[in-house]
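The structures come next, written out as structure tokens.
You will see chain A twice below: alongside chain B first, and alongside chain C after that.
What follows is the complex of A and B.
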């Protein structure tokens, strides 16, 4: 992925988070808690379970459609970060070759099941995290974390980092553009030049930090970033968390997929 | 080498989260006493700097593949261990949320692997004694290459351990270690040279910056070299011990992990943020030998492992496939339905 796409992708996720939909207007804390529950439930499935995981797709699909987030965009991001999970999972089919089922005449080994389970879990967890940001906005998540007991200094740190991420990415983009123009045929792309470039960026960053600090002092900074307005939990938020919890619990402890399958087979006959 | 949610079991994820939260709480408490307001924006902007620097790729000499900066060690050199740890944690949080690198549950593991090791362990124990006052370029070079390499080796080894304990992957311990450690040795050497290059460049171009940064940050008591070496010898022995233990009991470790997961299914379903973490910790301690499997005895958990795997028979697996297909179609239809319903009256593009 090249530099510019990476940068604009970042901005796009940020822009998506300022839409006004039912999902966006839920309390950030409710969404953080629901996402947490979702992740723990998905990850708690044993390694050979594939069918049980399928109903969980409803959660990201609902979040994306109700929140008007383009699914293709989320899927592309999921795909980009998948190599490590695929790398670790791809060995399973070759190492765990016990046949556990015969589907349409083809023997299926336990390894393929666990590989599929890893992939499904990966898609579910990664898209849940992305959708949390896309529907809550990063500052929203930060303030929710703070209200949920995260140390204030860490939350300030996150907010600063996020604010200056865009500024410094532009700074870096300028440097890279200049570098591209001067590095003919890939020459001068080695680690030494890189260290110099990053050194320059670091010096600019440190100077900027000093200026920011002075500017913030002028505006009454005393070591903390307060939020304008307070968060208020409405009954909608509580209902949302409760429904999520019930849905997750039902899908975790009851074989929903098998049930639907058996029902369908029964109707078919 | 970010750890991914999909490879984690809840017990391992929760334990690492608990560990990371403990270190984070300690670091922020320390910082609150030690720093002035100036450090807070500095930390934030340096975190953003790590990101910007990671967006720039460079060619690794001799291979043609591209690498980028990890950043834990350079933050520690500039900010000191506590502030660097919090900065690194924030960088990884943003990575997990925005780039979906790793995941939220695996964030605990990632902060531990890439934050705790370089900032809280290797920097104070190895870099500081080796680099000394930080005036000689040779010492900086040796110190940063060694520190980055060791921090990355510890991190890579932890990824292996975490994956193994979670029991989600079939990859055997030996093969996984042999894959991970050499790759990260190469990455570590390159990153060490780059780190030294950056620090060296800043020291040459604007020496006052490093001095003022060093003056602004809390005075970390330098650890004498002999003491540091003792700690590392101890660590080596511990790692070796853990290594051989896993090598010999690895299948049990796997079974243990599966049992953990299924045993957990029997417990109540109230899993709210902090409570889940605390319970993970509690379960962990319940499995220490002293407690004598108290939790397992109280719950009907021992029966669970039997049900975990062989539950699949021809009939149920066919039902599973049919059900999965139907659920998939249903979910898709729900999504499409909402989308088109939203589009018809909605004129908001």
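What follows is the complex of A and C.
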């Protein structure tokens, strides 16, 4: 996948948030809290617990379905960042070789189990975060964070990150395009030229940062980014948070997977 | 009314790299005057305009806006009066949505919410941009960005307007409505542009800048019909005067 398609994909995440579904219309604060609870619960699972994590897949699947977000799109995004998780977890199968279970005649070591749990936790948390943005929009999330008491400086940073990520990507694209048009047949394509292009990008970015700051001062900026508050917490939002909390609590503290397994066995007999 | 006066006295400005961009600029603009600033590329128009809102401070000489001398201490106050539109709208639209961006200034002025909303809607509809309200700026075309940048400044209802190439990316119809909009703005304004027809239409007075100096200053009709003067400054007669 090259740079251009990546860039337009970023814009797509953005456009998904324009939809009008039940999930989109929930209060951003409710969604931020629910996602936060979800992340904390998933991360709090012990190292070897894979089975316990499985029911949590329901959360992203439900959110994507109800929010009409294409699951394939989210999965692709998760895959793109997954090398990171693989890197973090790949050593445990070699370091932790105790056999903890035998599945279909094959011994399963504790290391593989913890590797699987790392991957699963990673997929769950990343997809939850992506879904939050896809159903709330990044500015919506920032606004919610601000209203939930996040320090203004932190929220401003996030907002700028979002706004100028696109500008920076466009700037980089322009530089690459201009360079591409005038570098022929291997000439002007060496590492030194590349290093200088990166340098140009850096300088342009610094210059731009300066100009943006000036523009903000011109419009009365004094540290906080004000916004017209239009958020209203409805009973639906409270119910949503409550149900999520109960669901997460149940999956965390009761062996739901085993229960379903036993139930299935019961029906089987 | 003294508070809409703009006065430059022997203003010099040198960029940190040593480029002398302004070399002794002097002029005085009284309340309600509409002044065009023209000149070749690199003449110093943008540099001059950035002195109006204190983005740049003169290296020597004096800039007076209303009854305040421009210094590091007064520039905050001066910025409340002067609305500036920059040459590059991407520098100016920094909020995540068009609506939020236009609301940014009025909110910082401490207006109440209903009032802010009203100002945003009226400013956006004056630039034909009401439909863009919920879009993020990075999904706008260049001309739409310019239009929104203009609305963002108009929403603050400034006493003085400083615009750098406001019509650069606009299609003919949007350019027309910008001209109409500028004509309705009653207070002092300074417009830097290579669009000499726009200047002729909007400004009764015109200042020609060349190599950081005021080369000519007078009624737009006289200056913009002076072929020798214009050509000496890389400019040509406005189209509307060429036909005569």
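Assume the second predicted complex is superposed on the first by the 219 of 269 C-alpha atoms of A that agree within 3 Å, B and C clash if a C-alpha of one lies under 4 Å from a C-alpha of the other, contacts with A are read in each partner's own complex, and residues count from 1 in each chain.
The rule is simple: a residue touches a chain if its C-beta (ideal position, glycine included) is under 8 Å from a C-beta of that chain, and two chains touch if they have at least 3 such contacts.
Model, not experiment: these values are computed from the prediction.
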Applying the document's definition of touch, where does A:11 land relative to chain B and chain C: first, second, both, or neither? second
Could you say whether A:139 touches chain B, chain C, both of them, or neither, answering first, second, both or neither? second
Would you sort A:111 into first (chain B), second (chain C), both or neither based on which partner it touches? first
State whether A:62 touches chain B only (first), chain C only (second), both chains, or neither. first
Quick one: chain B or chain C, who's touching more of chain A? B
Touched partner set for A:70, first chain B, second chain C, both or neither: neither
Touched partner set for A:153, first chain B, second chain C, both or neither: first
If you stack the two complexes on chain A, which partner ends up touching A:212: first (chain B), second (chain C), both, or neither? both
What residues on chain A does chain C touch that chain B touches too? 138, 159-160, 162-164, 167, 208, 212, 216-217, 221-222
Spell out the residues on chain B that touch chain A in their complex, using ranges where they run on. 1-2, 4-10, 13, 24-25, 28, 31-32, 37-38, 40-49, 51-53, 55-61, 67, 69, 86-87, 89-91, 93-94, 96-101, 103-105, 163, 167-172, 175, 190, 193-194, 196-198, 200-202, 205-206, 209, 213, 258, 261-262, 264-265, 269, 271-274, 276, 308-309, 312, 314, 316-324, 326-328, 331-332, 334-335, 338-339, 342
Write out the stretch or stretches of chain A touching chain C in their complex. 11, 14, 18, 137-139, 142, 159-160, 162-164, 166-167, 170, 208, 211-212, 214-222, 225-229
Touching residues of chain C toward chain A in the complex: what are they? 50, 53, 55, 76, 79-80, 82-84, 86, 88, 90-92, 94-97, 99-100, 103-105, 107-109, 113, 116-117, 134, 136-139, 152-153, 156
